[in-house]
């Protein structure tokens, strides 16, 4: 089974600039994470943006939607900052891409910082993307949510059903 | 959704004894890994054995089968050494536990050793266990296999279909 | 031999706030680092400030000097942000604390971020503090410098002699 | 200042073989550790053996002594298994290498395993080697010992004075 991973940045891929002391983006850690997980799925990796999700514009979202549409693979994972993940999921769902299973995931701690949830989430998202029926989902905290049944709780940092 | 995790030992949970220089088992790292993954699933964790899977006996397997049978949760993940994972999967499948989705997973590198595939595999196995139909599976390398369509390739350390 | 460690913050002790995505200070990692290093020196640890060294004021420096003066231990290590480490070293040297060996050290990458130089530098600074004659020094990059024969090269992030 | 590091193996450099589950030696981690520590000392690294110190023979020790003798650098650090570190220190001291400061160090946990004391000890040993008077020393646990005033306590794993 072949999957596509779209990389958009987010906490997942933040690094520490030791000269300035600021966080920044360089290259994605996803290829290294797949190696570490000894992942043997056939995966195409494509970097769409490399930004904090708070800076994501409608144009960026349109590009992500377009990449989903053009993907020959029916199963996609999108790495994304958690702050606006639901918004991007909504934009993708609005595009009506029939027959595709699209799973967004992210991390609360950068992968480069040692105690990240990123590797757990990537393993989880890739697995959900292989077996869930077509639709747009968010995979965080070991769980999966339909795009329209999910929000980020900004107090706890957790994703949850809106009724929780 | 509620899941049960059965812990049996394996590379997953090996530690380094700094006084003797040997590898050994102490407590499972699964609870810490769930914390690190910010897992919010309701999970019951049960330690069945704490051994290298090469030392696993028929009695040990019978106990694992019994724990699966008695589990009130319909979704189970079993952490297990990779060397005899397929054999244990076969024993569970032979018990005919209708209505249960049971996913075995493990690691090639101990979680305690920093560069482990364990966190990726745990995220993957927990996700497959939530959405696959009932049956006995192995989740390794980002993939899932039915228990009777899988073997460990001892040259590469990978799990694969027998025809590969 | 008894030493005193004064903690002032700096990159050493920065953490990642997973709710805001910003770097911040909480508790010092020095006690954990000493455990990890299996350090058996008798060490008193005292937190003076917990700030980025760019924010360090003359008042902060006066407090550090005062703590050095009052220390019953003749050997001190001070963890400090690298940006103004030399300035604080100068302030301490100006106080004329005869008979004391005071070694400032820091890190380019936060200890919490996995690939830090902090543990190496802490081992180095504690060792220099035990054997150098009295005076004020900076220990970084495996080297030691007298306070008045050292600067931070802001291009490379290295500490060096002013003539380099 | 120029130093020489002689690598002999020991826990420092043990790795986990993911196919066999055994610990083994491959390449030394010392170069990577020096990079991580942003070490700027001029260091020559020489691998003498790559073995567990329990397997070290008199011939191995003779080779280590010979390398110390021929070293153009007056300051040496030797990475070594902790079990027979004192014995090797004695052999070197017996050779009467006047004018050289030789510091043996090691680790209780392999560097590759994430929670190692190795980086702390390497920073410490390199620092002691620069400033101690000529002689043969052991640097462990943040402390330094003359070769003839030191033993490994096999219960605690610590190095200590024989009278402790």
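A, B, C and D label the chains in the order they appear, each numbered from 1.
The criterion applied here is as follows: a residue touches a chain if its C-beta (ideal position, glycine included) is under 8 Å from a C-beta of that chain, and two chains touch if they have at least 3 such contacts.
From a predicted model like this one, the values you see are computed outputs, not experimental measurements.
Which contact partners do subunit B and subunit D have in common?
Touches both subunit B and subunit D: nothing.
With a Cα-based fit, what is the angle in degrees between subunit A and its identical partner subunit D, given to the nearest 5?
Angle of the fitting rotation, subunit A to subunit D: 180 degrees.
Please indicate which chain is farthest from subunit A, where distance is taken between mean Cα coordinates of the chains.
D
Hey, how far is the Cα centre of subunit B from the one of subunit C, in Å?
45
Averaged over CA atoms, how far is the centre of subunit A from the centre of subunit B? Could you give it in whole Å?
Taking the mean C-alpha position of each chain, the two centres sit 26 Å apart.
What is the distance, in whole Å, between the centres of subunit A and subunit C, each centre taken as the mean of its C-alpha atoms?
Comparing mean C-alpha positions, subunit C is 39 Å from subunit A.
Can you tell me which residues of subunit C touch two or more of the remaining chains?
Residues 108, 115, 157 of subunit C touch two or more partner chains.
Output every touching chain pair, sorted by label.
A-B, A-C, B-D, C-D
Using the touch definition from the top, list the residues of subunit D that touch subunit C in their complex.
Where subunit D meets subunit C, its residues are 1, 33-34, 36-41, 108, 115-117, 119-128, 130-132, 139-144, 157-160.
Taking the touch rule as given, give the residues of subunit D at its contact with subunit B in the complex, in rising order.
Contact set of subunit D toward subunit B: 11, 14, 16, 18-19, 21, 23, 52, 108-110, 112-115, 154-155, 157.
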